[in-house]
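Okay, so chain A shows up in both of these, paired with chain B first and chain C after.
Then we have the complex of A and B:
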C-alpha cells in the first residue's frame, strides 16, 4: 500500500471507531435516563452480540442477509446512483427461487442449488437493472423508481402466494409451495449459521476487488465522480450503470434465494421484514465500500442480536434497539464531515509540495 | 445435551461458553437470573401491548410470572425468520429458559427444529397442529373462542336497538367461521329475528380497512360490532366515536370504549402452564389440547358499564351452560345462510368435536354477506 492509502485507511478506522464510541456514550446517557446502569447495559450488549458462540451465531445470522442487500445500494452508489430497492430485489429473488426450485426436484443437489441461486440472482439483478436502464434511457430517477419497485415486488408476492402458487395445505399462514428438500442448504461447518453468510462475505470481497483493483472499477469511480467527464472520456456509461445496478440487484436477489433455500423453504410475507431497508443503512455506514460492508453488517447484526437480550434483562421496549441504531446512523453520517479535516490523520505532505 | 449428541459444533459452542461464563458471568452476578426459579421465555411476533393477539399472550405471561418459582423473560417483534431460532437459543443458553412459548403461528417449523436440538426444553405453540412424529417436547393448544363469541352475541342482541349486528373477519379460515357462527347463534338465542352483516377484510392487520369497514357497517344500521382481526383496537375505538356498541376479541379492550364496550371473547393462554408443570415434574402431558370454558382455555372480558344486570346474569348463566355441558353450540335444526341444511332437528355436534369445527366453511342462517 502506498503511504497515502495507509493514511486513508487510518483516517477511516479512527473516525469510525470514534463515532462508535460516541454512539455508545450517548446511548449510555439515554439508558441512564431510563433508570438503568449504563455499564450493565454495555455488558448485556456485549453478551448478546459477541460474548459467546451462541451470541456470535445470532449476530452472524442477522448479518448474513444484510451483507447482500447492502451491496444493492453500495455498488450502484459507486456509479453515482442512490438505489433503495434492496427489499424488492430480495423478494423478487426469493420468488424466482421458489418458481425455479419447485421444478428442479430431480436434479442432483449441487446443480439444483446452483441453478436456484443463479435464478434468484438474475431475477434480482434484472429488477434493479431495469431501474438503471430506465434512468439512463428515459431519465427516470432511480431512487423513486426503486422505491416504487419495492411496493410492486411485495404486491406481486402477495398476489402469487394468495392465489397462483399458494400452498393450501398450510392453512393459517398464507405461503407458496415449498421447494423440494434436496434444494435446502444447511449450515456452514463449525458454526450454526446458514450458507448465506459465506456467500455474502465472498460477494463483498469479490466486489471489493472488482471495484478497487480492476479498470472496470476505476471507470465506475470516474463515472460516480462525474458522469459527463466519464462520457467525454469515452466510457460506455449506460452499460456500466446498468451493470452496476444488475450486480447490486443480483446480490439482493441472492439474499432472497438464501431466505428460501436456507431459512423458509417457501415464500411468505416473512420475506419482507426489512432486510432490504436495513441494507441501505449498512451501505451508508460502510461508506459504500464493499469490504467495509462485512464489518458494518456484523455490527448491525450484533445490535439486533443483543437488542433481544436488552429487552429481556431490562424490560426495555423493542424500540430501544432502534434508538441505538438511529444514534449510530446519525453520528456516522455526521462524521463524514470530518474526513480531510483532522490534521494528524492526513498523509504527510512532501516539503514544498 | 447428552454425550451422544455432542458433535464438533456443539463442543465448540459449549467450550466457548465455559470460558465466557467463567470470565463474564462472575463480573456481574446481578444480571444472572434468580437461582432456583424456572425461567420461561415468551416470544411475540409484534408489540405485546397491541390490544390484540400479542397482548393475549402477554396477559398469559403475566399470569405465569405470578406463579411461585417462575420467572418470565419476554421478547417482542421477533419476525418469523431465522431470527426466531437464534432468539430461542439465546433464551435457553443465556437466560436458562426451560420452557418457550412461541406465540405466533409461523414459528412452528422453528419450534420443531429447536425442540430436536434442546430435548430438555418444552416448546408450546398456539396452532394445535402437532401430529404423530413431531418432537415429544412440543405441545400445541388452542381455545374454542366461538363459545365466548356466543356469549358476546347474546349481550349484543340484548343491547341492539336496530336488530342488526356486524362481524368483521380477517381471513376466511375455520376459526373465523366458527367465531362468526358463535356470535350469530348466541344473538339468535335471545332474538331469533336478528341479522348480522359479515365482512372479511382479507388481512390479519389492516387498520385502514378495518376502520372503513366499521364505518360502513354502522352506516348500514349495525349497532353492535365485533372484529376478528389481529388488533380490534381500531374497530372498537371507531364504534365508540360513532356512539355504537362494540365487543372485543383476544384480550380485554374495555378501557378503549368506556361507554360502548359490552364484553369480549378472550383466550386464556395461561392454560399452557399445565403442560409446563407436568413437563417440569416429569409427568406425562398431552401434545395437543383444545377446549372452551369447560377446560378454562378461554375467557369472557369483564362487562362494560352499559350492560345492565339482567343481561349480565343471562350471559353468565349461558357460560355456566358451556361449563357443565348443557349448552351445545351447533345443534339442529340448523341451516347455513345459503339455505342448505347443516343439521336436522335433533342432531347436534359436541362442543369438543374438533374435526367438525376444523371443517366449518359456512356462515349460519342470519349472516348477511
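Then we have the complex of A and C:
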C-alpha cells in the first residue's frame, strides 16, 4: 500500500469508529428516555451479538446476506452510481431460486445447488443490470429506478406466492412451493452458520481483488472518479456500468438464493425484511470497499442479532434496532463530510521533488 | 437605508495596506512558502511572478485564509490578522477572483450580485435592491446588464461579473490568480486596464498573478518574484526590464521554442472531419457543418474567440459529447472514440481544464499518468492483472522527464499547482508515439520555460509525422506553431490560410466578425 492509501484507510477507520461511538451515545440517550440504564443496554447489545458462541453464530447468520446485498450498492458505487436496489434483487433472486429449484429435484445435490445459485445470481444481476442499462441508454436515474424496482419485485413476489406458485397446504403463512430437500444447503463445518456466509465472504474477497488488482477495477475507478476523464480515455462506459450493476445485483440475488436454500426453503414475505436496505448502510460504512464490507456486515449483523434479546429484556418497542440502525446510517452519511477535513488524518507528504 | 448604496461601502474607505512578513507554509515535508515578505501599498497593482509550483497560489490562499500558514504575520492596516480565517479576510475587505468561475449560471447578473452578500435577507426587496444595484453599476467603470443570465455571458463578461461581485461585496483588496488565461488578449487588456484605473483612483489594491510578462509590465506597479517558495526578487516594475524579471524567475535567459526540423515533410491526410455538427449543453448548435483535414506532419491551428464552438468540437473529438451529424475519420476509417482506436491509431488529446476533463482527482499523479496505458503490458499482465508498482515507476520516470513538480508519484493530482497538472496531462499524452494529436490551449497556466518546452514537444511530434490539431485562443501561439491556420467563428471554419500567407489583420477580422 502506498502512504496515501494507508492514510486513507486510517482516516476511514477513525471516522467510522467515531461515528459508531457517537451512535451508541445517542442510542443511550434514546433508551434513557425510555427509562433504562444505557450501560445495561450496551451490555445486552454485547451479550446478544458477540459475547458467546451462540450469539456470534447468530450475528454471522445475519451478516451473511448483508455482505451480499452490500455489494449490490458498493460495486456500482465504484463506477459512480448510487444503487439502492438490493432488496428487490434479493427477492428476485429468491424467486428465481424457487422457480428453478422446484424443477431440479432429480439432480445430484451439488449440481442442483449450483444451478439454483446461478439462477438466483443471474436473475438478481439482470434486475440491477437493467437499471444500469436504462441509465446508460435512456438517461433514467439509477437511484430512482432501483428504488421502484424494489417495490416491483416485492409486488411480483406477493402476486406469485398468493396465486401462481402458492403452496395451499401451508395454511398459516402465505408462501410458495418449497424447493426439494436435496437442494437445501446446510451449515458450514465447525460453526453453526449456513454456507451463505462462506459464499458472502468469498464474493467480497473476489470482488475486492477484481476492484483493486485488475485493470478492469482500475478502469471502474477512473469512471467513478471522473466520467469525463473516462471518456477521454475511451473507456467502454456503458459496458462497465452495466457489468458493475450486474455484478452487484448478482451478489444480492445470491443472497436471495441462500435465503431459500439455507433458511426458508420457500418464498414468503419473510424475504423482504430489510436485508437489502441494511446492505446499503453496510456499503456506506465500508466506504464501498468490498473487503471492508465483511467486517461492517458482521458489525451490523451483531446489532440485528442482539435486537431480539434487547427487545425482550427491556421490553423495548419492536422498532428499536431500526432506530439504532437509522441513527447509525444518518451519522455515517453525515460523517462522509468529514473526509479530507481532519488535519491529523491527512496523508503526510514526504520529502522530494 | 442599509442597501441604498453598495457604493458607499467601497469608495469612502481607502484600500488597506497589506503587509506580509516571513510567511511560511509547509505541506508535510515540502516548504511551499519559505519566509516570504511583501507589502502591497494602497492603490497599487502588485504582481506575483514565478514558475509553476513556485508558491504563488499558496501565498494568496494563505492571505485569504484558505490555508493556515505555519509561520509569519499578515498585517492589514497595521493590525495583525488572524491566520486561517476566511471570514476575517472578507471582513477586512480582501477578496479573491478565482480562475474557475463561481457564478450560478442559471441566474441573472443581479441575482448573482445579491447572492454573494453575507447578510442576504430571507426576503429580497427587489425594487429597492435593483435601484441600489443600478447605482452601484453606474459608479463602476464597466457595466453589465443586470437582467442577463450568466450562462449567456462570454468568458470576459463572466470575469467582469466576478470582479463586480467582489467590489459589490465591499472588497477593496482584490486578488486575481491567473485571471486572464480564460480571456482573449483584448478582454484581458480591458479588464486589467480597468483594475489599474480603479487602483490609480485609490479605490482598490490588486494582487495579480500572471505568467504573461507583457501584462505585468503594462499593468503592475510593483512585482515580487517567487522561486521554490522563496522570494527571489522584488521591485518597481518601472525599474526592472523584462530580462530582469525572467532572470529572477528562472535564473537564466528566456528560452525560445526550438523550431526543430523546419523542413519537415507533410504526408497523407490523417484526421478528417466532415460536416460535423454538435449541440451545446443548452441544445443550441455550437458546431455547425464543420469540415477539416489534417495531414501527417502538419499542424492545423484553429484560432478564434472562446465560445465559438471550440470546446464542443474538442468534446466531440474526445467522446465527451455526441455529434448530431457528420463524421470523423482517421486514416480513412471512421473514428468512434473507442479505447482500441485511440491505442491502435495513436490518437492523443489534451482538453482544456485538464483537472476537470482529463484527470481523476481521487488518484495519484502516477495513476493519472497511466490512464492511457494501464490496461497494456507492462502495467497489465495477462491482460487483466494490474501491476501497481510498474505504474508507479513509469509515473516516476515521466515526472522526471517532463519536470512535473510534485511531492512524488503517490501525491494526489489535486495537490499539484495548476501548471503542473497541465504538465502531467501533457506528459501522459505526449510521452509515446503520437499519430493524431488534438490539443486545446496546451500552454494555459504554464510558466515561460514550460511554454517553450511544450511547444517544442508539439513541434517534435509533428516532425515525427503526427497530424496535429491545435485549438487555441492565443493567436501568438497559433502563429508560432501552425503550418496552416483556420479561424473558427460561430461554429464554422470561416477562413483558412497557409501560415506563410497569413495576415494578422485578416485573421483578426474573421475572428471579430459575427
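Details
Definition applied: the second predicted complex is superposed on the first by the 350 of 353 C-alpha atoms of A that agree within 3 Å, B and C clash if a C-alpha of one lies under 4 Å from a C-alpha of the other, contacts with A are read in each partner's own complex, and residues count from 1 in each chain.
The rule we apply is simple: a contact is a pair of C-beta atoms (placed from the backbone, for glycine too) under 8 Å apart; a residue touches a chain by one contact, two chains touch by 3 or more.
Just so it is clear, the structure is predicted and the values come from calculations on it, not from any experiment.
Look at chain A after the overlay: chain B and chain C fit there side by side. In the superposition on chain A, A:186 contacts neither chain B nor chain C. Ranking chain B and chain C by residues of chain A touched puts B first. Applying the stated contact rule after C-alpha superposition, one finds that A:61 touches chain B and leaves chain C untouched.
Using CA centres, the angle subtended at chain A by chain B and chain C is 140 degrees, rounded to a multiple of 10.
When the two structures are aligned on the shared chain, A:229 is found in touch with chain C, with no touch to chain B.
Of the two partner chains placed by superposition, A:108 touches none, neither chain B nor chain C.
By the touch criterion stated above, A:263 is placed in contact with chain B alone, chain C being left untouched.
By the touch criterion defined above, A:214 reaches chain C but does not reach chain B. Once both structures are fitted on chain A, no C-alpha atom of chain B lies closer than 39 Å to one of chain C.
By the touch criterion given at the top, residues 40, 43-44, 47-48, 51-55, 57-58, 61-62, 171-174, 190-192, 194, 259, 262-265, 268, 270, 273, 304-305, 308-309, 311-313, 315, 317-318 of chain A touch chain B in their complex. Residues of chain A that touch chain C in their complex: 2-4, 213-219, 221-222, 225-226, 228-229, 231-236, 347-353. Contact residues on chain B toward chain A in their complex (touch as defined above): 8-9, 12-14, 16-17, 20, 24, 27-28, 30-31, 41, 47, 73-83, 85-87, 89-91, 93-95, 105-106, 109, 127, 171, 173-174.
Taken in their complex, chain C has these residues touching chain A: 27-30, 318-320, 337-343, 349, 351, 356-364, 367, 371-372, 374-375, 379-380, 383-386, 392, 399, 404-408, 410-412, 415.
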